[in-house]
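See the structures that follow.
Common to both upcoming complexes is chain A, partnered first by chain B, then by chain C.
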Partner chain A sequence: MITKLFYYMQFPFVQYAVIVGVLIALCSSLLGVTLVLKRFSFIGDGLSHVAFGAIAIASVLKLSNNMLLVLPITIISAILLLRTGQNTKIKGDAAIAMISVGALAFGYLIMNLFSASSNLSGDVCTTLFGSTSILTLKPLDVWLSIGLSVVVITLFILFYNKIFAVTFDENFMRAAGSNAQGYNLLIAVIIAVIIVLAMNLVGSLLISALVIFPALSAMRLFRSFKSVTIFSAILSVVCALTGILTSILAGTPVGSTIVAVDVIAFGVCCLVSAVCRRQA
Partner chain B sequence: MGNKNLLKPKKNKRMNKYSLKKQMTALFAGCTVLVFLAGCSTSGGKLNTSKTPGVNDVLEAQIAEEESKKEAENSDIISSEGLETASEEASGSGEEQAIPGTLTDGAPEPGEITSEVVLSTTEGIDVDLTILSSTMVYSQVYDMVSKPEDYEGKIIRMQGYVGSYEDTLTGNKYYGCIIQDATACCAQGIEFVLSDGQEYPADNEDVTVTGEFSTYEEDGFIYCTLKDARLEP
Partner chain C sequence: MSFIEAKNLSVGYEKEVVAENISFAVEEGDYLCVVGENGSGKSTLMKTLLRLQKPLAGEIRIGAEGKGKEIGYLPQQTVVQKDFPASVKEIVLSGFQKKCGLRPFYNKEEKREAEVNMERMGISELQNRCYRDLSGGQQQRVLLARALCAAGDLLLLDEPVSGLDPRVTADMYELIESLNKEGITIIMVSHDIGAAIRYASHILHIGETIFFGTKEEYLESPEGKYFLARQKESREEKTDHSGSEYSA
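Here is the complex of A and B:
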């Protein structure tokens, strides 16, 4: 099996998948802790459906690089959801649900009415479940993912203290004179970028798992923000790598295999936490 | 005094809790490292040497095979130049960049997968898709269709089901070998044209096709095809 794995690793598209998969897992887990603590766990799902709608428009417009349209639309939606969600009549969870199903419905409708593709169900399935799209990346996609991941990680490290503050006590941050809204905006933009990147890996229906599971697993074992973030990042990368390699070896769908590994890791963390509590 | 006694065990309990967590974390990290190390050690060790031939064994076998062929054909003299060429081909050290999944004149690569190839494929297959997992096959075919220039002239062997399409305007009928991805919602296929004298199979029939990869242009679109293809029983 190991020999087979090394053999498969010679394929350029497998190398691309591993690089991009690890980077996406790392980025999504970093912001996952903040999102879970801010009660925005489901925002990944909502934004990914927005991205699905944007992909539908891009494919109908026959854009050579759909990222040019998908990224701005997702960023705008993220800003609308995170910044104005609390001040409007429609509150956060309802706004997410509304945008989520609305974008999904319009996306499928547009694809159905205007798409020239001969395999509509295949296109929809690929976008929703990732299918093997992570294994069909071109070098340009890989470089784009690397660039965006570097930007996300750098921003997270640079503004770590501010993100920590805005996660736990937004009002205190505002009272202390910091621009809480600005940092919320930054988080919204980063989340949108991560969602668009992660669609290649697991598809739009399974993105939430990449954001939520590593953070929740880490929270079973650790208490401080820093340790939860670090463990979440490590666990996410290990799970993504295990999922990708398992799917390649066993011939299973990549996205759902990664999520299954995340679920198993969460179960293990719960078990370890329970054992620790009983022995303490 | 009583307060102190009450606090003491609490502190110890807390410390135990955290030290236990640290131990569990260290155990988890240790296990992960061990798994990776164990994986690395098995790959280069007994598995290869006991079950499958090594690189040198394979090269020697190939050279010997080439030598015997040359002897049979030209019983007089075997030129040293020809021997060198044969050994270069067998080692795959030519200037042409090797595509993964490619076998150079049937020369196998070391490892478990190679034994399958040697057992199941005939000589002269360049890209054997039948040895790959379903996820890999789908991705490889996608790569071939998106970068056909890299595979032009290569001998491809693939397994899938037959799908056909008839152009009502021209009356031409096209047959393709279709491969589904792991989610079974997407399919990739390559058209094949059988060499003379062979009957085309019925739709949805599982087939193994071997043919030369080539492209042609029709109505402004470039299509991939396996020409001079033959079906395996």
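Here is the complex of A and C:
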């Protein structure tokens, strides 16, 4: 099995997949804790559906690199979603449900009406569940992913303390005179970037899993923000690697394999936490 | 020059006025208690003081000669915080956020000041414990330490004892009193009129009529007499054992 793995690892497309997979897993886990704690878990879900709609448009327009269209659209939606969450007639969760289902429907409609592809349901399935697209990455995609990941990780480290403060107590921060609104916006933009990145790996339906499972697992075991964040990053990378390698060896779809590993890891963390509590 | 000065202030949401014609002034070292019944506009006034909301009419001025510009705020706890994985130290340090500006990390001086403030609140031994594992009183002390980090000379406390048992409540009031004696200006929003009368130097009563003055003046005023009588009645009806008896 090991020799088989080494044999596969010689191919550049497998190397690309592993590099990009690990980076995406790392990025997506970073903000998971914030999203879960701010009760924003569903924003990831909504945005991924928006990204699906954007990809449909991009593929109809036959853009050579659809990230150029998908990224701005997703970022704008993220900002709009955060805005609506605060002070409109439609409450945050309802707005997200509306936008996500709407984008999903229009995306599929556009693909259906205009697509020249002979394998429409295959295309849709790929976009929704990621399937093999990570194994068909071109060097440009890889560099784009690396670049965006570096930006996300740098921003996260630089604003770590502010993200903590705005997650724990937004009102306190605003009362102290800090620009909480600005940091919320920053969080929204980072999430949008992560989602667009992660679409390559697990497809738009499974992204939320990548964002929230590591955070939820870490929250079972650790009790400070820093340790939760670090552990969820490590866990996410380990799960992604395990998932990618398993899928290469077993020939299973990449995205769903990674998510399955994440779910198992969550189960293990729950078990460990229950055992620890019983002993304590 | 006073720390906070409000003139003919109207507060409320959007176009709906909740309370109007509020005028008061807070001097350095004062202990102002804002009392009133539920829905009277206490918390709306507080949000206005914190600049979370704009006043509908009138004027408000906060801070004087480089002091009291920042308000250390002790909020009521939110649902999110109840199971938040964060250590005490992380939370206390987050009080320095404003002073950090765009600087990404806390410096040595801030870390030392956080230690000092945890010491003052008697929570030094808890600093690596998880916030959600603490008792209600301990959590309040953590948030108070954070407020002290954010502002050294003016604190705004929103119902600081709600949900605490009588003994812890008494401890909390003692702690706040000792901070006031150190020279920190305190504004406390509370419906516990007994504590207000025992500890505060000034009272701002919000309701159908607005009263502002010293505690002694309040006890002589019609608002004060009426409110005290009402509270006493309802307290006697309930005959609960919540500990805070009236020293009026």
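Note that in this section the second predicted complex is superposed on the first by the 279 of 280 C-alpha atoms of A that agree within 3 Å, B and C clash if a C-alpha of one lies under 4 Å from a C-alpha of the other, contacts with A are read in each partner's own complex, and residues count from 1 in each chain.
Here is the rule we go by: contacts are C-beta pairs under 8 Å (C-beta built on N, C-alpha and C of every residue); 3 or more make two chains touch, one makes a residue touch a chain.
What you see is a predicted model, and the numbers here were worked out from it, not measured in a lab.
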item	value
Side-by-side fit of chain B and chain C on chain A, or clash	fit
Partner chain in contact with A:158 - chain B first, chain C second, else both or neither	second
Touched partner set for A:248, first chain B, second chain C, both or neither	first
First (chain B), second (chain C), both or neither touched by A:174	second
Partner chain in contact with A:224 - chain B first, chain C second, else both or neither	second
Partner chain in contact with A:42 - chain B first, chain C second, else both or neither	neither
Which superposed partner A:6 touches (first chain B, second chain C, both, neither)	first
Of chain B and chain C, the chain that contacts the larger number of chain A residues	B
Minimum C-alpha separation between chain B and chain C after superposing on chain A, in Å	9
Contacts on chain A seen with chain B and repeated with chain C across the two complexes	222
Complex contacts: residues of chain A adjacent to chain B	1-4, 6-8, 10-14, 119, 121-122, 125-126, 129, 131-132, 135-136, 138, 221-222, 231, 238, 247-254, 256, 272, 275-277, 279-280
Touching residues on chain A, where the partner in the complex is chain C	33, 37-39, 157-162, 164-165, 168-169, 171-178, 219, 222-226, 228
List of chain B residues in touch with chain A within their complex	13, 16-17, 20-21, 24-25, 28, 32, 39, 42-43, 47-48, 100-101, 109-113, 132-136, 138-140, 142-143, 146, 181-183, 185-187
In the complex, chain C residues that touch chain A	50-52, 70-73, 75, 78, 80-81, 84-87, 90-91, 93-95, 97-98, 100, 104-106, 128-130, 132-133, 146-147, 150-151, 156
